[in-house]
Amino acid sequence: MIVKRRVAIIAALSIAAMTALIVWKPTVLIYGLQAAGLYAAVAIPMGLVLGIVHIVNLAHGECMMLAAYAAYFGCKALGMDPLVAILPTAIVTAIFGWVVFQLTIRRALKAPELNQLILTFGLAIAFSQAINLIFTSQTYKMPLEYVSASMDIGDISFGVWSFVFVAVAIIFAYGLTFFLTKTMTGKAAVAVGQNPRGAAIVGIDVYRTYGLVFALALALVGAMGALFLTKSAIFPGVGSPFTMKSFCLIAMAGIGNIPGILGASVLLGVAENFLRAFRPTRDWAEIVFFVLIIVVILARSLKGRKS
Amino acid sequence: MKRGMFALAVLALFVGSAYAQGTIKIGGIWTLADITGKQGSAAAQLAVDEINAAGGVLGKKLELIVVDDEGKADKAAAAVEKLATVDKVDVFVGGMASGAELGKIPAFKKYNKVVMATGAAGSATVEKALGPSPESDFYFHLHPWDYNQGASYAEGWNAIQQKYPNIQIKKIFLAYEEGAFGKSSWDATKVLFGGDKRYTIDGASFKSALLGGGDYTAVLEAAKAFKPDLFIWAGYDADALPLLEQSKAMKFSPGIYLGAPPGWPIDFGASKLSPNVMLYGMWSTAMNNNNPSSAKFFKNYVAKYKEEPATYFAPLAYSAVYILADGIKAAGTTETTALVKALEATKYASPLGETITFKPSNIIKHQGITRQKILQWQNGEQQVIWPFEAATAAPVYPFPAWK
Amino acid sequence: MNRTASRIFALLFGVLAVTLPFFAGDYPLQVARNIMMYMALAITWDMLLRSGQISFGIAGLFGIGAYAAILSVVRAGMPAWFSILFAAIFAGGVAFVIGFLILRLRAMYFSIVTLALGEIFRIIIHNLHDFTGGPEGVVIQKGVVFGGKANSLYWLVLAGLAVAVAASTWFEKSKIHFALTAIRNNEVSAKSSGIDIFRWLLLAFVVTSAIQGLLGGIFVQSYGFATPDAVFSADFTLLPLAMALLGGVYSTTGPIFGAVLLGLVSEWLKLKIPYGHLVVYGIIIVVVILFMPQGLRQLVRRTPHGADGRSA
Amino acid sequence: MIKLKTENLTKRFLGLVAVNKVSFSMEEGEILGIIGPNGAGKTTFINLISGIIMPSEGLIEYKGTDITYMPAHERARRGIARTYQLIHPLENLTLIENVMVGSIFAKGHGLREARTKAEALCHELGLTGLDRDTSRLSIFEIKKMEIARALANEPEVLFLDEVMAGLNSDETKDLIAMVQRIALERHLAVGVIEHVMGVIRELTHRVIVLEAGELIAEGKYEEVSKNPRVVEAYLGGGTV
């Protein structure tokens, strides 16, 4: 009861805050949501891997970078639009993920947990530097007309293309939730994640499940890579900052809480854009990301101790 | 192109001992994973090959030994030590990021050999760390300092407004990336344009996509509210197109839209948004038409590496080697005092379109290039607008409003 | 037998480290300095890891120390020597204060929060332009210790490393070893043995942070500058971590092994493969961790998985 | 002399009452059995007394001092020791080092003194091969090591949470004798949770019975085992 009332209060407060923002600084909300969509869409696949396979994939961002390069050169060669490349890229990266899992991560799963961390760190270096060697550090960007799609409300004009990330984030979050709670494979994956030993005893092939989850996550990363290409220029280091941000968002939402990543992203996206909208606080927008993460984690740990 | 790189790598490895007696050794330090360092080192090697083909210097061959600094101060310091003590190079060339350059300076000072620096624009740190003459006399800073760049832009815009009365600039907005590069641009802009009563200036920072940012909405909102005549962004190549696309989406179309990145993305000129975007730079392929030195450099570079030089760091490094070679010829030795004296008399007609000489800057005694150029993307190519003596085209104004 | 091997190794290493300046040139000394810097950081990271806490905040504390040292010289005119000590005290003090907040957190949440704090330190330094020099950084024109002399700077970094090794040995040989190991294994039973968990974690966190700060101070005093990008670089977090893990954790010798391996490999590759050496570097990390899951220390010791082979 | 007592000790987890108003006391030299069906709150009760979790209400008094909210490590230092139902050997430490821990931290002994004391304790409990890693020990050895580690705290009150589980009958017999001797020699108050009623009957002087967090009976084992409420609780719970 108490818990429910608190949720209701929080919901009411956030709706009130959002409404106030729409009236006062509509762009904060628009750009905040767009930023949040991108954060969440990239973080969700990492959350899936962390929640079930229990590894922090430090090469997460690099995987997206690889996908974006694959999509770019695929599109260039075939004259495709990156949007058309989403599905093929997802398939390619899923296969790539499966192979990487079988060749490397699988072998490290029995070792101490930290080994997986350092293994993926090594992979991240190898991936980004290999791309650097082949394609140099110069940036590539698809010139696309539709990414400048514009909308006017009153006297403000803003870009609408980035809302596509919001849509993708929602699809990822609810698609995955559906997959994990309603399908047999998904339920099995969750069971394996919660209790690998138990799952092995009842005859589930744990490594196969892990491999599939990893491949699924990379498929989502691949789809995001192609989509990311519409909006951003690509270069060897383009992915790495997303690893840390995603990791932070997942910690903020709580491990295993995939829809929570959406909430965390919205909070951070809007808060950042709120600070950016005012001259005195402009330069401090970045700090809010880290401060909020610490506050949320500390608050949750305090609450956890009380109960 | 791959083969060229490989050849260079092999050369750097094996040539060393073979020619030990009859060579003049140049130690090159760049960040090789970066396009600027990769092409800078390649261009320097091109210059070395050309000079050797023409008979070398003082009857000796030149030899370039390249070591990567990985953009890190400690690795850069190790690179200097290795070149100075293991390879026993006679002179140094290279440099790009100020952070790595700062790591080299203590070691450079220790060895007191001539350094021809192709990068490091940060006056607040690098120039300060070098210190005044005579302790920094060995250091020849080819690249302009940040304040040189600022001053030359102020000069350029004055000249352009005089020559083309239809171009009127009163309000300037600078969107600067939040790192050292953008911040020093902003500092220089504030000092140079802010002191001038004709201009009102404003600025805001953004996080470059290169450093994990890429969200330009807030900075463009601020710019749009300011309604500038001249909008400048100081960021990196990764920001170029996304920034334009976002500007179009937000219907922000200033009279002059200008970018000041160290390099531009591949195929930028092919974008429909690129026409009439202006830029700050030092060199463009258009200069091949009216500058023989540039044409020669370009032709030989493409012939050797099967790719076009993508940044001005390539001709800059190329020039650095020629300047050193000329200086050594004039001095008859690589001994520092004599070589410094000879280099002080340098007059080198560079592919960058200006004759390079060395003059004192705010702190150090040997500053090379001080002027940058104002260019414009026209029909997919960068055309030089100012300085007028190097101009390859007239400016198109205003920047077309989004249709 | 294990102990003797370890002692012989320590002795050889010590002798080599101390005599290096007498026969090596300036280049090997510079490389050794770079390696020893990361080695010391790797040891401090391992020291805290012995309590089970995985810190991602090394770069943050290193950076804080670096800025404490350089700003105390530039803004307050502190002597160079004292500024290095001040860096240690300052970083230790900061760790003491934030320790009260974050040492209740565990596992990934502790790691993330240390990472976030490091970023917060960096942003604060970055944004306080007038005091810290902002993104462009600060330089010390005069007053770099030893005026950049290779031998002396080598001794300075070696002294920093010696502090780390001494602290690590102290952690291994004293009751701290028992406290941290017990906490790492099981906090509940540690409490029942009378271990005040928070106190020991705070001790370990403050000591390791102070040494990280000290190393930051040594860094700025040997190069004469600090910029946010250089001293808060993620390398200072990730490389020590990789070194400790590749060498073998929960010991002093493991991180030393790992740092020597990665440090030499990275320098050697750089010269052998100017373009593309970082690819090989990444692959080496992957291969070593796959084939030597217990780290390089596995090579020296015979005891199988899970054993530490140490007796007090 | 009463060493430890609780009054109305209560613990609620998110509305669930795990321990409900339990009042009891333990005397010096007494071996007390704590029994009850699975989920009755026995371990929670010990956790409350040893300070691993904090009570929602009530009072815990140890040698006349209120220790209700005292941190666990402080209670350990004052003389409350315990073992755990799930064994917790400290991996990466040897057998002897495991035993030393209690002596070092609860009693503040130096390493050398702690080692001497730990050796004596191990000797007393019949543990040999003291420099072995815990991964090489048998279950019986681990159980004895856990008791030794608790004893290294030099406690006045000792709780043993299912130490007999997983042992064969000879080992169980050994351990029962050992516990009785220890309690007698050191004037300990010992609290024992056991599922095997034979052990309780043989080992304890007195038992308390918990069901659904409430204390439902108290007295000698023979009396309590005939108590209708206890019988019903066990039948309902399924295990006797």
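As written, the chains take the letters A, B, C and D, and residue 1 is the first residue of each chain.
One rule holds in what follows: contacts are C-beta pairs under 8 Å (C-beta built on N, C-alpha and C of every residue); 3 or more make two chains touch, one makes a residue touch a chain.
Here the structure is a predicted model, which is why all the values come from computation and not from measurement.
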Seminar exercise, completed: Sorted by label, the chains bordering both chain B and chain C are A
Exercise. Can you name the chain whose C-alpha mean lies closest to the mean of all the C-alpha atoms?
Worked result: C
Seminar exercise, completed: Taking each chain's centre as the mean of its CA atoms, the one lying farthest from the centre of chain D is chain B
Problem set entry | chain A-chain B separation of Cα centroids, rounded to whole Å | 37
Problem set entry | Chain centre separation in whole Å, for chain D relative to chain A (CA means) | 48
Problem set entry | Euclidean distance of C-alpha centroids - chain B vs chain D, Å | 75
Problem set entry | Chain centre separation (chain C, chain D; CA means) in Å | 42
For this session: Identify all positions of chain A at which a residue touches two or more other chains, and write them in rising order.
Result: 129, 132, 283, 286
Exercise. What are the residues of chain B that contact at least two other chains?
Worked result: 33, 38, 178
Exercise. With chains as vertices joined when they touch, what's the shape: line, ring, star, complete or other?
Worked result: other
Exercise. Using the touch rule from the top of the page, what pairs of chains touch, sorted by label?
Worked result: A-B, A-C, B-C, C-D
Exercise. What residues of chain A sit close enough to touch chain B in their complex?
Worked result: 27, 31, 34-35, 129, 132, 136-141, 143-145, 147-150, 152, 157-161, 231-233, 235-238, 240-242, 245, 273, 276-277, 279, 282-283, 285-286
For this session: Give every residue of chain B touching chain C within the complex, in rising order.
Result: 5, 8-9, 12-13, 32-33, 38, 66-68, 70, 72-75, 77-78, 81-82, 84-86, 98-99, 102-103, 105-107, 109-110, 122, 124-125, 128-129, 131, 178-180, 182-184
For this session: Please name which positions on chain C make contact with chain A in the complex.
Result: 54, 101-102, 104-105, 108-109, 112-113, 115-117, 119-120, 123-124, 127, 238, 241-242, 245-246, 249, 275-276, 278-279, 281-286, 289-290, 293-294
Problem set entry | chain C to chain D touching residues, read off their complex | 174-175, 178-179, 181-182, 184-186, 188-197, 250, 303, 306-312
Exercise. What part of chain C is in contact with chain B in the complex they form?
Worked result: 25-27, 29-31, 33-34, 37, 126, 129, 133-139, 141, 144, 148-150, 222-225, 227, 229-230, 233, 235, 267, 270-275, 277-278
